[in-house]
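Labels run A, B, C and D following the written order; every chain starts at residue 1.
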Amino acid sequence: MSSRPEPIYDIAQLGHAELLTPRLEESVAFFTEVYGLTLVGEDPGRAHLRAWNDDILTSLTLTGAPEAGLGHVAWRTTSPQALERRVAALEKHGVEGTWHDGDFGHGKAYRYTGVGGHIQEVYFETEKYVPPPGEAPALPNQPQRFAPKGAAAARIDHINLLVPNVAEASRFQQEALGFKLRERLAPAGGDEVGAWLSVMTKAHDLALTKEPAPTTGRLHHLAYAVPETSDVIRAADVFLENDVFIEFGPAKHSRTQGFFLYVYEPGGNRVEVFTGGIHIFAPDFETVTWDTESKGRGTAWGLGVPESFHTHATPPFGGAPA
Amino acid sequence: MSSRPEPIYDIAQLGHAELLTPRLEESVAFFTEVYGLTLVGEDPGRAHLRAWNDDILTSLTLTGAPEAGLGHVAWRTTSPQALERRVAALEKHGVEGTWHDGDFGHGKAYRYTGVGGHIQEVYFETEKYVPPPGEAPALPNQPQRFAPKGAAAARIDHINLLVPNVAEASRFQQEALGFKLRERLAPAGGDEVGAWLSVMTKAHDLALTKEPAPTTGRLHHLAYAVPETSDVIRAADVFLENDVFIEFGPAKHSRTQGFFLYVYEPGGNRVEVFTGGIHIFAPDFETVTWDTESKGRGTAWGLGVPESFHTHATPPFGGAPA
Amino acid sequence: MSSRPEPIYDIAQLGHAELLTPRLEESVAFFTEVYGLTLVGEDPGRAHLRAWNDDILTSLTLTGAPEAGLGHVAWRTTSPQALERRVAALEKHGVEGTWHDGDFGHGKAYRYTGVGGHIQEVYFETEKYVPPPGEAPALPNQPQRFAPKGAAAARIDHINLLVPNVAEASRFQQEALGFKLRERLAPAGGDEVGAWLSVMTKAHDLALTKEPAPTTGRLHHLAYAVPETSDVIRAADVFLENDVFIEFGPAKHSRTQGFFLYVYEPGGNRVEVFTGGIHIFAPDFETVTWDTESKGRGTAWGLGVPESFHTHATPPFGGAPA
Amino acid sequence: MSSRPEPIYDIAQLGHAELLTPRLEESVAFFTEVYGLTLVGEDPGRAHLRAWNDDILTSLTLTGAPEAGLGHVAWRTTSPQALERRVAALEKHGVEGTWHDGDFGHGKAYRYTGVGGHIQEVYFETEKYVPPPGEAPALPNQPQRFAPKGAAAARIDHINLLVPNVAEASRFQQEALGFKLRERLAPAGGDEVGAWLSVMTKAHDLALTKEPAPTTGRLHHLAYAVPETSDVIRAADVFLENDVFIEFGPAKHSRTQGFFLYVYEPGGNRVEVFTGGIHIFAPDFETVTWDTESKGRGTAWGLGVPESFHTHATPPFGGAPA
């Protein structure tokens, strides 16, 4: 036990993500009216949004683009010193990133391409949300008033990226950034096709899944959390009434044990409404390996995974989204 | 921002608590049949229990004693090195503790009396729960089968200790152990009468409340978490059917925003069934100060706090429990 | 058993209620923005509203008036013939009512003063809700789109009237209208102070409670149902954020076992958000009598009843609402 | 509207069902330990069970038999007179039934073969559940103590029978017994393949589905209700841990809008855990017709129906259960 390296707590959370959308206006309407986020800023071709329980000013930027996909994903560090440590570790790992002065809602950031081809950032300085006058929440330990709209997504939770080599990308996140590998899927003892990693005590902040197409940098999905199962159920009713395509769920994941619901936003990106999931308080939690013999291979209660869940990603590869 | 010290992540979680009870047999029956824990070990005068979602082997020891109260509370560190750092910090803080070789379920521990008079321990080496043959859970990322009994308490969550000087005890937990002060209650700008502290991302692992009597070392309550609000509601129905005295709740706390339910176990100790609560991912979360002017002073929705909640603690002071 | 008269199924449901309010505009804003109803019609001094799961066009009329209170309450019969039977039974019972041609949303009705002094109506012909073009719900077995706003009250459920003589008013509803007496509260074997009556299989459509003041015709509360406990919890958060006075709850009733939440609307009338409650399928259900010895005298889990719940009613008696 | 016949309220509820099982002992173990019923009586080859919220003594009899299937289903009337009226109507409809003196838990009953080939009974006299000494529930308006075990099924809810001619069997239940046709499924304007009928205000007490095989009298499923969605979710976790085959769900039906979960008991019969569903208070509710163009054709949120749901029934036809 003494030979186990000390766990690293340099990354605090998934800070924000930038989604690209070919239908910016419709995507903004979806995320504000149906998914339930709040618009907090706009600049040409971009909209900045937040969830009512996000502590940070903005957790999602929508950027108009020819194709859907991930602009970038950003990890907030636990301190300025932690940021320096992570940049040093990234560079030691061979990453060649660049500093920039920040963007809407946050300060200086180190931007690089992760193993697997996605643009990532690490940063510390962030702007917190300050409610407008007269809009303070009733409880001061809550960042924003609870004025539920649509699915009322509560806070940014995790992101799932497709990568050509899951084991390699997983190792990169662990070694350079201190992510902990919580669960992995390796059918029949073969190559890893899925990895679930977290930075603190959640079941996952990042999932890595095997990219089925000969390409890189694609997004599988971005997830926001809601407080309870009943909120996911309610979200399903909201999506139904708003003609949003429900791809998968509500149901319970085997990995993470989260209760999930996946839909496509108008730009084509898959987004999830998520709740629950195991909490991992043990600092020496042993990575759980799932194979094809494990019960609950697809989902906890046996629901099959739709084919599109394995093939649809953004940007689409060789054609329109499934 | 640069002058803020780096957050410390040396304590992983509330590891276990020892409750004293003058009615050991009845307390064991309550905790196993009604509260829903599992008995995992016994030695003369003591019973060791766990919740189905605890990763560690045991989170609660019940010890027969003339009076109810807290035997000790133990914090698990994130690594052996973290344990050494915390012991050094404790001793630097003037604590005079002693090492012992461990106990049922865990290895060597440093035992000391905290500011406020409670016996505390820090330790790292722990035994994990291994299900008996044929009793493995269906999902391998879960420590124990889900075979709900009674309130089906899921995992140890937090403890609330009465202390003569809240500010001083709070400072001790922060400085010596790296606890983060999340919320504090200081009516009319006066002395702190409540402090909510956490070690990682929870709303609290430890609450400190002003001791009303001229004594030290008393327990206000020990709390286990359940997954959702519906589980707390169900627990209330279970307690009702089992003639367990429900003191307070189900309702929503203002501080922490947790959904709570307090009952007395047969020995007289107050125990809580808890769910929810804010998650604190921001490493620079600003402590929230509540005063008498704050909305939601007592509970979130306005429910009054029963008098006994301010006076009953264990061991009783100058008489039987209220 | 053979001597028991056959149950009567001539009343189908609580059709609608008219609430008087001295602050019509604010009351309309509350019921639409916070309580979650939909405005479906207005005429001078009146607003007609419905809940998203009401089958009928309107279930609530708000009428501007000098004082808060009940305008009238209306029971829909199961057929035109049932309407004739009930009018005959009412007149046999000594009631002197009058027919009118109907009102917004319904056809001809027989209006009378019930025992206890409230204006009641019985009627059959009703207008159903027809969604506007483009606003059809996704599921055709649902009357209106689910577009949740605020507490998202789902359908009219029951009404509670204060009456000087509970036993006499209860007998009137049973004998003249075929209500079934489900539960009654008679402390220490004395006079009835509460009666819960239903027309079909619900725990209650009408509650009668002892009027504490020397007056008649007052309203205790009007209740709408939501689907589940989680909706009541959410409603509490919504009321908290909107500075609505929460008088009592969320908690569980002893009588009916419903899960409840009481607030005051801006006009001063008490309104409830309600869910659950026992279902009574047995045609020979024996009336449950509660006395002071019964467990769960006040509420199921022991929560005390606030004093205002026994004294506040509309119109206020001898002064402003408590 | 005046030409509509008056609705009939002669059937109060689905009283009980008898399931045949080739594995009686295992079936009893499943229904008591996992599904959560209580054994209240046994005679050779038979076991009588009840759910904790059933008012009647027993709602389910398990009878050992070479093959799984339905023994009989029984409808309780609202009065002795209603029983006489229904027998007269049945005989007018050409049914040739026989009276018997009753069975465990109920008095004299008229037994006949319904259109579609299932043995049905109508009866009025029933034995109510009386808790054993010391086992009275805390709340006297509840028949039995709440001591949740496994899925904790709460009360018998509805039954689904396969019939060769849905329209004809549906007409029989309406005309002879006063069932109300709430919803029907008739793809592309063709023959009815599903009918949902209720006796009082529920979405359904009886569903009739097109029999795919050249046989009669088969059972599709028997359903018990639980209070809320969270109870269905919990049931799924319980079934998972107990290696019970989950065929379908948890998800939301389009028809009835109930939240469902289907499993097979050890004898091979399909049983459901059900909650919610629309309430139908309108006495003139218009039957909803679903066709292939209707949204939510299979399930409310789009989940596909597994093939076995269309083919598996009991007794199996031409082979073992799918």
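By definition in this document, a residue touches a chain if its C-beta (ideal position, glycine included) is under 8 Å from a C-beta of that chain, and two chains touch if they have at least 3 such contacts.
Protein identities per chain, from UniProt: A, B, C, D = Catechol 2,3-dioxygenase.
Source: prediction; values computed, not measured.
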Inter-copy rotation, chain A (Catechol 2,3-dioxygenase) to chain B (Catechol 2,3-dioxygenase), in degrees (Cα atoms; steps of 5): 180
Interface with more contacting C-beta pairs, comparing A-D to A-C: A-D
Inter-chain centre distance, chain A (Catechol 2,3-dioxygenase) versus chain B (Catechol 2,3-dioxygenase) - centres from mean C-alpha coordinates, in Å: 31
Inter-centroid spacing, chain D (Catechol 2,3-dioxygenase) versus chain A (Catechol 2,3-dioxygenase) (mean Cα positions, whole Å): 43
Distance between chain centroids, defined by C-alpha means - chain A (Catechol 2,3-dioxygenase), chain C (Catechol 2,3-dioxygenase) (Å): 46
Contacts with two or more other chains, residues of chain B (Catechol 2,3-dioxygenase) listed in rising order: 138-139, 228-230, 237, 240, 295-296, 300
Residue ranges of chain C (Catechol 2,3-dioxygenase) touching chain B (Catechol 2,3-dioxygenase) (in the complex, touch as defined): 229-230, 233, 236-237, 239-240, 246, 249-252, 259, 295-296, 300-303
Chain D (Catechol 2,3-dioxygenase) - residues contacting chain B (Catechol 2,3-dioxygenase), complex: 137-139, 145-148, 228, 230-231, 234, 237-238, 240-241, 243
Residue numbers on chain A (Catechol 2,3-dioxygenase) that touch chain B (Catechol 2,3-dioxygenase), as the complex places them: 1-2, 4, 6-7, 9, 12-13, 53, 55-56, 76-82, 125, 128, 138-142, 155, 182-183, 200-202, 227-230, 254-257, 276, 278-283, 285, 288, 290, 294-296, 300
